[in-house]
Amino acid sequence: MKVGIIGATGYAGAEIVRFLSFHPEAEIVWYGSRSYVDKKFSDVFGNMFQIVNDVCKGENIAELAETVDVIFTATPQGLCSSLVNEDILSKVKIIDLSADFRIKDISVYEKWYQIEHKSPQFIDEAVYGLCEINRDKIKAARLIANPGCYPTCSFLSIYPLAKEGLIDMNSIIIDAKSGTSGAGRGAKVNNLYCEVNENIKAYGVASHRHTPEIEEQLSYASGKDVVINFTPHLVPMNRGILITAYANLIKDIGNDDIYEIYHSYYDDEYFVRVLPDGVCPETRWVEGSNFVDVGIKKDDRTGRVIMMGAMDNLVKGAAGQAVQNMNIMFGLDESCGLNFAPLFP
Amino acid sequence: MKVGIIGATGYAGAEIVRFLSFHPEAEIVWYGSRSYVDKKFSDVFGNMFQIVNDVCKGENIAELAETVDVIFTATPQGLCSSLVNEDILSKVKIIDLSADFRIKDISVYEKWYQIEHKSPQFIDEAVYGLCEINRDKIKAARLIANPGCYPTCSFLSIYPLAKEGLIDMNSIIIDAKSGTSGAGRGAKVNNLYCEVNENIKAYGVASHRHTPEIEEQLSYASGKDVVINFTPHLVPMNRGILITAYANLIKDIGNDDIYEIYHSYYDDEYFVRVLPDGVCPETRWVEGSNFVDVGIKKDDRTGRVIMMGAMDNLVKGAAGQAVQNMNIMFGLDESCGLNFAPLFP
Amino acid sequence: MKVGIIGATGYAGAEIVRFLSFHPEAEIVWYGSRSYVDKKFSDVFGNMFQIVNDVCKGENIAELAETVDVIFTATPQGLCSSLVNEDILSKVKIIDLSADFRIKDISVYEKWYQIEHKSPQFIDEAVYGLCEINRDKIKAARLIANPGCYPTCSFLSIYPLAKEGLIDMNSIIIDAKSGTSGAGRGAKVNNLYCEVNENIKAYGVASHRHTPEIEEQLSYASGKDVVINFTPHLVPMNRGILITAYANLIKDIGNDDIYEIYHSYYDDEYFVRVLPDGVCPETRWVEGSNFVDVGIKKDDRTGRVIMMGAMDNLVKGAAGQAVQNMNIMFGLDESCGLNFAPLFP
Amino acid sequence: MKVGIIGATGYAGAEIVRFLSFHPEAEIVWYGSRSYVDKKFSDVFGNMFQIVNDVCKGENIAELAETVDVIFTATPQGLCSSLVNEDILSKVKIIDLSADFRIKDISVYEKWYQIEHKSPQFIDEAVYGLCEINRDKIKAARLIANPGCYPTCSFLSIYPLAKEGLIDMNSIIIDAKSGTSGAGRGAKVNNLYCEVNENIKAYGVASHRHTPEIEEQLSYASGKDVVINFTPHLVPMNRGILITAYANLIKDIGNDDIYEIYHSYYDDEYFVRVLPDGVCPETRWVEGSNFVDVGIKKDDRTGRVIMMGAMDNLVKGAAGQAVQNMNIMFGLDESCGLNFAPLFP
């Protein structure tokens, strides 16, 4: 299987390279990078020295479509939707790591992203690539909207209770915390070491663009309109997302029953680990891996349930899930090339 | 003014030393430390080399009471309440940084702390030392219950809206994040560098002992019984607490009105800084200082208000507020010895 | 191939578990851990949840010798030498990650380690497991002394010039920097997050126990007695060793010639990467992997050469090299189970 | 005393603001910043919110010279030398934190900095502002070349033995480690959080521009030409410099004698702390303060002495020493506005 990557020198793109360089069925033949054309990929990501010897190229998607089986676009919002067309989609599968095709309601997309959508005709066709939920649709898809990092972790943590109708969907508050790689590799003062280190802050309060993506997916799960609070925070660490979600229980159900539900949803899912009762997820236990760790705690005093999820934002939250989608699309084992332990410490 | 410190070689105790070593009116004459008796204080805290030349002593509170004007107890729960008696309180003022005298309902204290209270007769007399709220009572107090770190930051962030009756007190959810110095200086595997670094986790979910302290103070402010969710998280940084609090607004009020209320409560408070609208608090902007930075955001979509506060857990959350209390008790300017800028980066 | 690990719940031991859990030819059947007997391994190292389901056991080496093909001892100095005997070595291969069998001169060992050696009769037989240097001896060995972290990185960085006789061996100064996992998982105040974070310090100045190990190996390489300065420093990061070594050149040789020599020594070595001229090694480019990155710079002004090496202390500096040794001993491909990219960021 | 700062919104400039905002004799009347003209200073450095209410201005040095008593230039190399002239120097004292006037040999400056010097006529007059060494000259100076961070720490650590003629000046190797604030606040990919965190690397090997500055000062101290190796490293922390310097002793002298010499040089210097024998300097013990901690260790095996120094690069290495120079120039107590304890943790 031949692979092209557009945006290979961002953190998510480089993570795809890390996985596919050792993937038994895939071969990267195009390292696309606007900023580093003609530069060796390993000059930019020294970890790949003597593993990847190729040179970065530009963004010629037409040429790419002729030469590869699948294209990953790990690029800013708006780029993928400006590149795809029927001709390209007829020749090659596309896995888009941007938000362009995640939201079905174009007006919601355009409002939150402040971008005009350039190819609305493919929004319906695009499959939201949350593998554990949409596996069957992914198998047949030409165009995958790879989920956002926060939405993946949030949704998988809340999904069983939403689906079972056990929580008040409009009581949901998601307080999220992310490592700094989620902010990308752009040279911005706000992301300098000394600005991020020894600090924690909220950002995008009541306005973060992952909010409607989470709401849409939760509404599919629950069959209800959903409006939530979502507050991300920037944490001084490289990788990892932790979400702490709160919701009011609307049925009288015990902590044990809740765990039973989670187990029934996830025990067959290799990449979702329901932790033992009483154990809270921690990002260190998933670092570098495609696992999502989930823990739950019912609070009898308040009648709320606290749902927690930990995940590596660059793996299950981006490149890992993208490769998992590729595996599903090409009939491979879902964990192919993703089957390794988290790195600790 | 002569000062004794019991528990001088914990992080909070050492922070009291840092402040009082340069305080114009105070002189530390007793560096109490069980673990380091007869060792030079600066052998334990090398930052104080050639600034503090004294040697640590044991915990003889009776002797202390004869020689000093005020005692700080920066010790584990249960110690201060086992040491105080009428004789001591008649001779010396005590500022207790533990939780022993914070909670007025002894059954609540004993349930959450799992300790039998050794001197319940002083609970009523003890003044909860949240300076901005209880200034007048503090002036006359013999025994100060210095507030917990999370409660200080949580309460000051929520207080104006609670007091004004603008939020549903039982809808409050406080998602808190703390640097690691809050875990103390005990040698525990969980607090090792490699265990904390590159990680974020929740702990004490639905069971953290600062919960009833926050609830009690909020009930005084609002005149209602209050039951909340409080979830602390451990962040890989040395200092700093950030709280992100959510509540349902029960009156129709605009974002600007909310800011006006906060300004009316805090504009005369030197150590509480209401940030400009749109600016979120960050722990880096208060590091090393006694400031609490507060920011607010109304979410029109959900009808909730998000209240945020940032603070240095060792300063306003412990040693700084303790010194502020001392200043008030002894008729000094409240900021005496605490008047310096936060350290950044 | 059946494997037993004694000391499986230290950082190095757990790293062996990480590698062997996905090693195609090895199966761990004994997770030895004094501190966690009867506790699930994944309760201690949560990253291995649902990957390793076994429970930790004690240290019965006699029983182990009957059931496994190879034992890793990732234990404090003195333990392995107190356990081995001819009977055990006749049944099972041992790879010892401690220093017990690294130093051939027992008096040097006993002086620097302040321990009486319990089985000096095996010192001569033990092979110093620096794979790239002693590959042939390793193949036939029963007992491997897995090299120390600093010695591995130091030696591989200096070896070509030492072997070629191009540097004054007594002019060598090695200034080393290590991440904190090198200090182990013991609960010590000095290794707490707040003590290590935002700090750098030297330790063991002129007295660190890796000094004689480095000197001995360099003397074998150069054929001369070698006395060096070695100064390790503790760096606030989890993993990684960087060594910066200085030596006086004793022949007139250009920077290019030096690179040519390094390439001739290492181009066939998969795990040693000679970086392009002008590129300095960085620990981030090797994190989680078994690579050692080497860079060199001749200083024409001073006539010295600066030799730099970067490595993951837990991988090539401990568990990775131990597995590499196992692979060699059992006739497997050297990179079996170790063939993955470094993790960045 | 009225003060103007050119370059107030870099890390060093902002640190001058931090000190002078609480300095009893100084008042900042000009916050110069090219990038933030008309923006509130506290919008850029939120720690100064409600402490500094002024707005940033441009770089009009002529106007500044009319209104202030002293100007700090915390600007890139080449700027200060392009701004000064006799008229300005006749009206105002200048403390330049750049390298423009540090090196007396203009050809050395121009070679290492690759800049043409714009006002060579003032090089001789400029006083190298290493307070402990040049105190008397500083008193009378109009133009101060505030020393570089590495040179300050390196020189003070080596000075006593260099001055006493006890070490071979051409055997000196300085291996230095710096926190990331030393790299400045420019938006560069290399200084992003994820690029610096969990990494250590050398940079500027055999070519760093502080090398000739250190060599020149050491040659003054020793009366000999000096050529050294100087290798800086980037450490994942905000603040702090540690230098580890090696030199061959040329006289037979004991460790105690060496300490005696250091004490005789520094016991009257408030900001230089000679640590107890056996204690190594650590950057955490000086963070935020103007102290330099010095430790020494003779290695009997190699005949070398290891000299170590720790310092806050932004304080004694930049802004603190600049204020110390100002204090000396204006006849104030040297520690005025600088008299506070290091912050730990």
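Each chain carries a letter (A, B, C and D) given by its place in the written order, and its residues are counted from 1.
Keep this in mind: a contact is a pair of C-beta atoms (placed from the backbone, for glycine too) under 8 Å apart; a residue touches a chain by one contact, two chains touch by 3 or more.
Since the model is a prediction, treat every value here as computed from it, not as a measurement.
Asks: Taking each chain's centre as the mean of its CA atoms, which one is farthest from the centre of subunit D?
Replies: A
Asks: With contacts counted as defined, which of the two, B-C or A-B, has more C-beta pairs across the interface?
Replies: A-B
Asks: Roughly how many whole angstrom separate the Cα centroids of subunit A and subunit C?
Replies: Distance between chain centres, rounded to whole Å: 37 Å.
Asks: Nearest whole angstrom, what separates the Cα centre of subunit B from the Cα centre of subunit C?
Replies: Roughly 46 Å, centre to centre.
Asks: Averaged over CA atoms, how far is the centre of subunit A from the centre of subunit B? Could you give it in whole Å?
Replies: That pair's centroid distance is 38 Å.
Asks: Mark out which residues of subunit D touch at least two other chains, giving numbers and ranges.
Replies: Touching at least two other chains: 11, 181, 194-195, 197-198, 236-239, 282, 284, 287, 345.
Asks: Of all residues in subunit A, which touch subunit C in the complex?
Replies: 11, 14, 18, 21-22, 45-51, 181, 198, 238-239, 273, 275, 279, 282, 284-289, 293, 339-345
Asks: In the complex formed with subunit A, which residues of subunit D make contact?
Replies: Listed in rising order, the residues of subunit D that touch subunit A are 11, 180-181, 185, 187-189, 191-198, 236-238.
Asks: Mind pulling up the subunit C residues that touch subunit D in the complex?
Replies: Residues 170, 173, 175, 177, 179, 194-195, 197-203, 205-206, 227-229, 231, 233, 235-240, 242, 244, 246, 280-284, 287, 297-299, 301-302, 304, 306, 308, 310, 345 of subunit C touch subunit D in their complex.
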